[in-house]
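Chains here go by letter, A, B and C, matching the order in which they are written, and residues are numbered from 1 within each.
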Amino acid sequence: MKAQTVPPNTMQRLRRNIGKALHHGDRIWQWLTIGAGIGVALLLLGIGWMLWRDSADARSAFGLGFLAPTADASWNPVLDKFEAWPFIYGTLITSAVALLLAIPISVGIGIFLAELCPSWLRLPLGWMLELLAAIPSVVFGLWGIFVFLPEVVEPLGTFLAGTLGLLPGIGALFAGPIPASGASRLAAALILTIMIVPTISAVTRDVFLAIPRSQREAAYALGATEWETISQVLVPYGLSGVLGAVILGLGRALGETMAVTMVIGNSIGGAVSLLRPGYTMSSIIANEFAEAVSRLHSQALIEIGFLLFIVTLLVNMAARFLVWRVARRTPQEGRA
Amino acid sequence: MGKKMFLVMTGLCTAVLLSACGTAAPATVEVTRSVNQTVVVTPTADPNAAAPLPAGSVQINGAGATFPLPVYSAWTFAYQYVDPSVVINYQGIGSGGGKKAIIDGTVDFAGSDSLLKDEEYTSGKDLQMYPMLAGAVVPIYNIKWAKEIPSGTKLPVMILDRQTLVDIYNAKVVTWNDAKILATNPDLAEYLPGEAITAVHRSDGSGTTEIFTKSLTAFSPEWTAGGASAVEWPVDKAGNGMGGKGNQGVAAAVINTPNSIGYVELSYAVSNGMSYASMVNKAGKIVVASAESMSSAMSDFAGSFSEKLTADIVDAPGALSWPIAGYTYIILHTENMSDCIKAQKLLEFLRWALTDPGAAKQASDLGYSVLPEDVRDTVLGKLGEVTCNGTVLLP
Amino acid sequence: MTNTASSTHFIRARRGYTRRRTANAVMLVLTGLTTALALIPLFWIIGYVVYQGGQYLTPAFFTELPTPPGTEGGGVWNAIQGTILLVILAGLFALPPGLLAAFYAAYYPNTPLGIAVRFSTDVLAGVPSIVIGLFLYALVVVVQGHFSGLAGGIALAILMLPTIIRTTEEMLKLVPPSLREASLALGAPEWKTSLQVVLPAAGNGLITGFLLGLARASGETAPLLFTALGNEWFDFRSLIRSGLESGMNPLEILVRIIEQPVDSLPLTLWKYAQQPYPERIHQAWAAALVLMAFVLAVNIFARLWILFRARRMKG
């Protein structure tokens, strides 16, 4: 392996010049780096394996029915009967709404930062978004409980219940009333939106910045306006990268725990409405794992953790792949 | 709330009974902290005591019920002045968490007001529950009144009967002006709003929940979710439920959610100035949660302690008895504690908590009821049987 | 930004030009507005936390242990010390393997293991922190038999690892290969070259990466719920003093310290935010202020550092 990567002439010189002891030192160094590399790679497998092992009883007891969508799922520690659908639904609906809101905002920000904003403003704006991403989750939760929920979510929820909630079909998603504290799936979705916008917009910006200048020049030469250049040339060109950014945001939304647990109301509800309290996969683990006494109960929670692990694994792999593809396709020219 | 005074008269009496403590009145040491808490400590009176261990050298970890958390916090805080060598860390993570932790052996002792099941006794091997205190669970509410309250007047406390409470958590009574609520509260009729009731329950495994749901089971055959530390809430299925973590979480959720109801241990309601409902008990009498109604409930069930030192005191039949009540327990390993010094110090703390008049005063000030004397003596006797490496720890 | 207006002058007087021009203006303004919209929560949160937390920051908040709930006074000294301990442990556990793995990934990028390292690092960054908590509960808490700062520190180390590996790898790649080759040519062994030539050259970038990782770890709560648990009495001074008085040697005292359950600021904040006691909620705001100030300060510092380094290197 060494011979492949270090130029042969260097190797010869090394061989000639250094004593045995130092060569020995290099061996140790090499093994250390390889060991650390293997350790990092194994860590991921280890996490997956441990969660898989520790959920064996729950998997054999509940089978695939554990994950199946049911209108009347039971999560019953008294009878030791567990079905995870309410939490899967909660995670899916809050993440979906968060993405729906975050995509236009983040892509807008990405475009603004990469294409339009004056260069002296780009750096500070980018920083501010990164600061937003750096604020700890619990601080979002605290602010959510005492400020955001009563002042934004509750009035918004009441408004939605009185308008969209009356529509047939989709109205079920907005059936009111929202609890007066505002704690609801909607609250979780909105907080998630705020939390994933920085992630998506930062990657989108980078994707746009990586698009070669020639693409833009060609569009302008054909007489396109800036917006036409962006929407008809740049967005299609960077689409897979933007998609990657969105999926990366989805990954963050799926796994977010503390802020969601603090604002979602923690109710294993049968109701589908966004305006009712609910649970997500991560928040049920946070609330119940330390207290789950029966073996099946804690194993059911570990199984949810395993599921969360696998889903975020797939999501992140997909995102990396997409972003990576854009980066690789982009020739060296760049935009300097 | 403001400032609070702790007055802890303590004596690590070798004799078990109160009388011994009462007679001995050696010089007291007064320790005043900057937080305006005064702890009066009498130095340990044990003539056989070995040389004292260095301050803070014995660290005891416990976790579990939030039901007794206020009083355990007060006790562990005071106890640092009784025996400075001991530091007791009690984390309120819920009774379920406490039971799990003691079974897994991740703590030295657990607090729980939820009873161990048979299989849990088996998996935990040498576990024993020791009742420490009794407490009332009260329905707390936060209502945005439909009408302005005339200045100078005070609305009467809400009264709920047993069936109505079951109906609320069964999502059969869903608005505050439901006829069933109005029936027991004619004075509140014009103030109760037509808004939906948000019913708050615990999101963690909880002994408070166990006491509450056991009561609901006793109140009405319509409560079919069972009585346990965590249940499947019918009100959740209806979309009107909400979970709070710990007694404090339920109280906080009710405070933050207008038109909600919840259930917490009495001390949480009192210390936070929350409205808590009176109940119509089994005998058909209106009762308020208090020391009297609690001791009435306890005496209704006098002698009902099982071999395992546990007893349910829900839905007591006495005319004065509070219907939603329960004991809170400490769970210990009786033979297999790994560290004998730790075990000894832990037992000494428990004996202090059960016998010291200052500790008892702290408990009753916070709204808890101390054990009746005969029960307490049984518990002390049982604590005396705990061994470490085959040696009895409490002389 | 390039000046693009000039290239569009030529298509004046075309049909639909006004419409296109309007659409252009509207959309451009909209993208600007989305940016403003996204920044509202940032200023709202910072402003509110500073306003609320500022009122309740007292000297006692930093120096005293908590008092029983419902009483005034006391502080979060236990949580501050716990956070320091957890962050130090996390740094110690994450730094050496992170650096070594990054060296491997940077110099053998196309070997199977190199690819595996970079891939795992990327994916590990996306694993929900609560799942890491479950993992450490099974790996350390159950095995060891009790909750501990050690378990919490390892959990945070795993969360820091991706940041450390990724920034180190990037920084190592920026170090001119000639530097490394020169050192090897002079006969220095590879480990000496790596540690004494390459690493210092990449040093500043590494420090910022490390700091960002620490900042992220110090704000995490979820992985601590089942590992560090919480401890109102955690106090270095009394642990050390009682250890010395009991005749322990320094190593035993160190072990005793990391074997304790500990509190951290985010954990305390989480517990206090869900309490009815006004004093606790006040302390939660103060804790939020301290935590946020620390995390944001580290972030800003790290970014300024990178910026100035980049400027100096360029010019």
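We adopt the following convention: a contact is a pair of C-beta atoms (placed from the backbone, for glycine too) under 8 Å apart; a residue touches a chain by one contact, two chains touch by 3 or more.
Quantities reported herein were computed from a predicted structural model and do not represent experimental measurements.
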Higher number of C-beta pairs in contact (A-C or B-C) found for A-C
Chain at maximum distance from chain A, centres defined as averaged CA atoms: B
For chain B and chain C, what's the span in angstrom between their mean Cα positions? 39
Nearest whole angstrom, what separates the Cα centre of chain A from the Cα centre of chain C? 17
Two-or-more-chain contact residues of chain B, please, as numbers and ranges. 93, 244-245, 253
Could you list the positions in chain C whose residues touch two or more of the other chains? 274
Touching two or more other chains in chain A are residues 145-146, 290
For the chain C and chain B complex, residues of the former touching the latter: 60, 64, 67-74, 141-142, 145-147, 229-235, 238-239, 241-246, 256, 260-261, 274-279
Per the touch rule above, chain A residues touching chain C in the complex are 1, 5-7, 10, 13-14, 17-18, 22-23, 25-26, 28-30, 32-41, 43-44, 46-47, 50-51, 54, 104-106, 108-109, 111-113, 115-119, 122-123, 125, 127-132, 134-143, 145-147, 194, 197-198, 201, 213, 216-217, 220-221, 223-231, 248, 251-252, 254-258, 262, 282, 285-286, 289-290, 301-302, 305, 308-309, 312-313, 315-317, 319-320
Which stretch or stretches of chain C touch chain A in the complex? 1-2, 4, 7-8, 10-11, 14, 20-21, 23-24, 27-28, 30-35, 37-39, 41-42, 44-45, 48-49, 96-101, 103-105, 107-108, 111, 113-114, 116-117, 119-132, 134-135, 137-139, 158, 161, 165, 181, 184-185, 187, 189-192, 194, 215-216, 219-222, 225-226, 266, 269-270, 273-274, 281, 284-285, 288, 291-292, 295-296, 299-300, 303, 307
So, in the complex, the side of chain A touching chain B is made of residues 72, 74-79, 145-146, 149-150, 175, 177, 179-181, 183, 265-271, 273, 276-277, 287-288, 290-293, 298
The chain B residues in contact with chain C across the complex are 1-4, 33-37, 53-57, 59, 61, 63, 69-70, 73-74, 77, 85, 87-89, 91, 93, 104-107, 244-246, 248-249, 251-253, 255, 268, 271-272, 274
